[in-house]
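Across the two complexes that follow, chain A remains constant while its partner is chain B and subsequently chain C.
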Partner chain A sequence: MKFSIDQASFLEGVQIVQRAISTKSVLPPILSGIYMESKDQNIILKATDLEIGIECVLSANVSENGSTVLPARYFVELVKKLPNIELHIEEGDNGQIRIGYGKSEVMLNAFSADEFPPLQQFEEKNMLSLPKDKLIAAIRNVSIAASSDYTRPIFTGILLEITDGNLLKLVATDTHRLAYTEVRLDKEPSDFNTSIIIPSKSLIEISRIFNMDEGEVTIYLDKNKILFEADHIKITSRLIEGKFVNYKQVIPEEFTTRVRVLRKELNDSLERASLLSRDDLSKRKHNTVKLSIQEEVMDISSKSSQIGELEEMIPVFLEGKTLDIGFNARYLLDVLRVIDTEEIVIDLTTELSPGILRPVDGQDQSLFLVLPIRLS
Partner chain B sequence: MKFSIDQASFLEGVQIVQRAISTKSVLPPILSGIYMESKDQNIILKATDLEIGIECVLSANVSENGSTVLPARYFVELVKKLPNIELHIEEGDNGQIRIGYGKSEVMLNAFSADEFPPLQQFEEKNMLSLPKDKLIAAIRNVSIAASSDYTRPIFTGILLEITDGNLLKLVATDTHRLAYTEVRLDKEPSDFNTSIIIPSKSLIEISRIFNMDEGEVTIYLDKNKILFEADHIKITSRLIEGKFVNYKQVIPEEFTTRVRVLRKELNDSLERASLLSRDDLSKRKHNTVKLSIQEEVMDISSKSSQIGELEEMIPVFLEGKTLDIGFNARYLLDVLRVIDTEEIVIDLTTELSPGILRPVDGQDQSLFLVLPIRLS
Partner chain C sequence: MFIFHVDVNSAYLSWTASFLLEQGHPVDLRNIPSVVGGDPTKRRGIILAKSIPAKHYGIQTGDTLYEAKQKYPALVVVSPDYDLYMRCSDSLYLLLCEYSSHVQRFSVDECFLDWPSSSHTRKDAIRMGRDIKERIFHELGFTVNVGLSNNKLLAKMASELQKPNQLHTLFPDEIKEKMWPLPVEDLFMVGRATQKKLYKFNIRTIKDLAQTKPDFLQTIFKSHGLKIHLYANGIDDSVIEPKQTLLQKSIGNSTTIPYDITEKSDSHLILLALCERVGMRLRRSEGLAQVVSVHIKTSQFAYAMHQKKLFSATDETQEIFRNAKTLLDEMDLKEPLRHLGIHVSELIHNDFYQISFLDPKDRAKQRTLERTIDKLRNRYGEKSIFRSCFVNSGMEPLQGGVHDEDYLMMSSIL
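== the complex of A and B ==
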């Protein structure tokens, strides 16, 4: 292995694949490393924690093909601190890797590349491509509702449904709330239909790694794994086995109260109200705020025996009946954080039935369901 | 108590005094609060952890004098989240404090102001004023060498010496290194002479709270306490009792090797070298790098059985003898972080005697001593 590459693009590559490195010490030591291969005029970088795998291809001036695995932690931090000049990387003695820069050099201990697990292979048939920015926006929307409780794996995943090759749906729920987004693809209908569950952690990494620019991402599906490819980067993830909840059944179709409100105003009021309720010892888990929806105003209030009480009033536009209802402020705030329209609507029926939040005039079809908290 | 004040200036005030709030749970609960008093057209805010005390005076529209103590944690976070409009603050029922903003309001539980300890009083006689920016720069220089080991309190302090009313010296040492700065004041000589030890934590807070602008800071001294006053802010600190080391005796006056080097170049090389040595299990505490000083270059090298080895070469200008010497990279990096000149000089004698680092062409007289580490 022998190649030259400029520090900035090398750093970008190693920082991308580093995201797959796990800090879990139960994994074999080789997985704390970044696989690096020089091949023709490319450098291939890879890392995996066996759940997610990231591969990145960089252009370089290669004079000798070869491969190695370098301990990610020191390697990435070192490359970050190297001067922004051309780096000369080659295999040295005793399996060490030499990085030369200017008149200086560093020799790093390396693992043998043979020990590194191969990334999963995919066939070309089950594939679909869509605009990156739409996929990223959809992931950001729904991932807020995924659970982080790994004792119930299904709820830590995001359902990805493709219907007729031209409608993509993402759904996540932790049983207290649910987020749904659909993206209509500019494609002819086809017989490409699928329904799989992807770990939300993998999808969140994907939304962070890919650039929010105009390009496309191509998705390859297999029985128990999925591959996303864009920007010379391939990200694979295992799938979660099991049956997702029947989300259509959960979402109410009718309502008796519809309230329209400015997103930022509701957000700021809830943040203040949450300050008082989130630490209250008697209801720490609930972070309850009360919404009193009246003709032209909504009263937002919270109370803590320890800290005090708060009452805010914000203007709203009401269709239907007035209603008092309690919610976990954090669940509402999570929704308001991913909606980017000026206004939102909340649909409600009784103080015990779920609330549905939607952006007003959003481009894609998104919907957020939040279960209420009994007030007394 | 009843007053109005705009949110932005109120927030600035509460955030300043909050810095004195300790998270130590051994302190009485009242000290987790911020004392607030409305008096004539001013609001006085105070907080203390009994080691440091901060008082800040704000202008406000006061309609009723009075005082209270509010739990700092919730109070500051709430004020931070309030809209940037006029706040109406007054005493409510049950000793609660009401903060009204627009059509909304919050009622906070409060402590009784009587329980709050009075801040220390100072006499006007022992006082001295000097430019704020000079004091702040001096504190930043020397505080890097103060110890954080509270079992030996003297070394956690900074020696402040005033000679003839016109020369201020600050010194700190943790016994492995020492930092010295002197500031010559544009004043006529007087009989104001003093030598006290101030907790470095207090001085670091002072350097963070006061603005680095053109104003003056006035220092009032008492037997076991000190007061710094500027920008409508008063900061008091207890002093550390005991005898400081005789720093003049420690600083060598002669040397046989003087090397001049670009600060940034040395800094970047040491950062990379430190990456390899800082985690090496056999010498974790030492973080040793080797400097080989030759006629026109300095070789900087480090080695770790675990990670690998590094060797850098940077150009230097040498007067005197060549020398190989080992240092703790962190101690050198701490010095290079606070020196802001383009070049520095290092004075050395043997591989076992201390190195002295100085800025080249710095305005104030600063000097940093670092003990070497035996190489073999």
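== the complex of A and C ==
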């Protein structure tokens, strides 16, 4: 193996694949490394924790083909600190890798490349493509509702469903809230009527790694794995087995109270209210705020026995009945963070039934459902 | 600001005594050598509380029943009734709430009360303290000590000064005279281990401790040293945390069956009968359980326990039973059963409950139903209403009732 590449593009590549490196000590040591292969004017970088796998191809000046695995922690830190000049990388003696920069050089101990597990292969059969920015926006919308409690793995995943030929839906829930978003595909996918559960962690990585530009991302699906490909980067992920909750059943179709409110105003009020609702002593994680919806105003109040209490009034447009309801402020704020329209609507029925938040943009592509807190 | 500390005098014993008097018991347990603790029929257990006459015979809290009987063979022993204590504690709390909106339950038998003093004098506060003490005695039937000061620590120290049925003040200007002469182990947060070390350095009174350099105490006791130094000087800035209801750690119920249970359906019925009481107690304590556990003994005296964390906290008999039944079935027992028990633990308060999709659909309805049944049972007796599956089953619809739960001991929540 022998090639030269400029530091900046090399660093970008290793930092992308490094995201797949896990700190879990149960994994074999080889997986703490980044696989590097030089082949026909290209450098292929790979890393995996067996749940997610990332592969990135960089163009370089290759003079000798070959492969190696370098310990990610030191390798990435080192490349980050190297000067922004041409780097010369080649195999040295004793299985070491030599990185030359200017008149200096560094030798790194390497693993044997044979031990590195091959990334999963996909047939070019079940595939679909959509604009990257649409996928990233959809992931950002729904991932807020995914759970991080691994005792119930289903809820740590995001449901990806394709119906009607070209309607892609993403759904996530942690049983206290649910986020739903849909994307109409321009091109009909080839035989892709499906519903699968992807770990939310993998999808969040995807939304961070891919650039939010005009390009397309292609998705390949296999029985228990999925591949996303764009920008010379391939990201594979394991799927979560099991059955997702019937989300259609929990989304109410009717409501008796509808309020329209300025997003920023509600957001700022809730931020203040949530400051005064964190009761550390009672060991409750809830961040309870009370919304009292009246004609033309919504009264937001919170209380902490130690800090004090707060009451705010913001103007709203009300259709239907007045209502008092309690919510976890954090759940509402998470939603308001990902909605970017000026106004939102909240649909409610009773103080014990879900509240539905929607952006007011006339497109009806996303909805966020939050279950209330029962107040005594 | 005035802070009151109200402390029930030998709580368990006086609560049991006043309850028995009310029930027509001829003697007041407080006036004879008597103890609360253990199970007198089984002749085991430890002493949880003692009467003052019992104290004269050298009987101490923590003695085994056997030891205590050796010290005074004619000792009267009564079993603890934790439900009664919780009710007494609740009524104490409610009475205090009439005086201030800032009442903190510090343990089963202690409360702090905050009384804003902008327009009140010390005399007013003392008068109010006396009034509280007298009302508790006349309306609830037991005596308390009231401590009065400007912070929680001094109020607590004041109520400990001389017992029973007293009101003491311990304002900052009284520290030198009333608190400093006391032995150092009387100071709040100075336990046996700390006391031993302090004695080694010849710090024997609270005054000695107050006048020791804080740096020195820090090198020995770390941050705890600084804290007790502040306490010895009567300084404490902790605030009253109102509306803190007391929550037990777990609630349990079990029964030993006089014959072998071989049928699954019979064991399910017994489990349901046990769950009824657990559910009732859980709802009364205003708690929700997050963990359900089932324990069993077989006819061969083999013991097994199985537990499960619930997806969402509950106080419903039905829901507890459903989980307990699964747990029992999962144990896959080959031998006949002789003992069955159920516990719910990791309790949380029910005042704010985050609703989940996984909650049963008819939860609100079920809640109302179970609360209505509780009310009927409280008013017309426990067996005034029971589940039809017990008709002609030969089984009691509510079983157990032995208190085998972990209650908070007095003064255990700091």
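Here, the second predicted complex is superposed on the first by the 363 of 376 C-alpha atoms of A that agree within 3 Å, B and C clash if a C-alpha of one lies under 4 Å from a C-alpha of the other, contacts with A are read in each partner's own complex, and residues count from 1 in each chain.
Keep in mind that, in the parts below, contacts are C-beta pairs under 8 Å (C-beta built on N, C-alpha and C of every residue); 3 or more make two chains touch, one makes a residue touch a chain.
Computed from a predicted structure; not experimentally measured.
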item	value
Which superposed partner A:375 touches (first chain B, second chain C, both, neither)	second
Chain B versus chain C as contact partner of A:26, first or second or both or neither	neither
Touched partner set for A:288, first chain B, second chain C, both or neither	second
Partner chain(s) touched by A:71 [first = chain B, second = chain C, both, neither]	first
First, second, both or neither for A:175, with chain B first and chain C second	second
Chain A positions touched by chain B in one structure and by chain C in the second	306
Sites on chain B touched by chain A in the complex	71, 74, 77-78, 81-83, 96, 103-109, 268-269, 271-272, 275-276, 279, 306-313
Contacting residues of chain A [partner chain C, same complex]	151-152, 173, 175-176, 178, 245, 250, 281-284, 286, 288, 305-306, 326, 328, 352, 371-376
Contact footprint of chain A on chain C as seen in their complex	239, 241-244, 309, 311-312, 348-358, 364
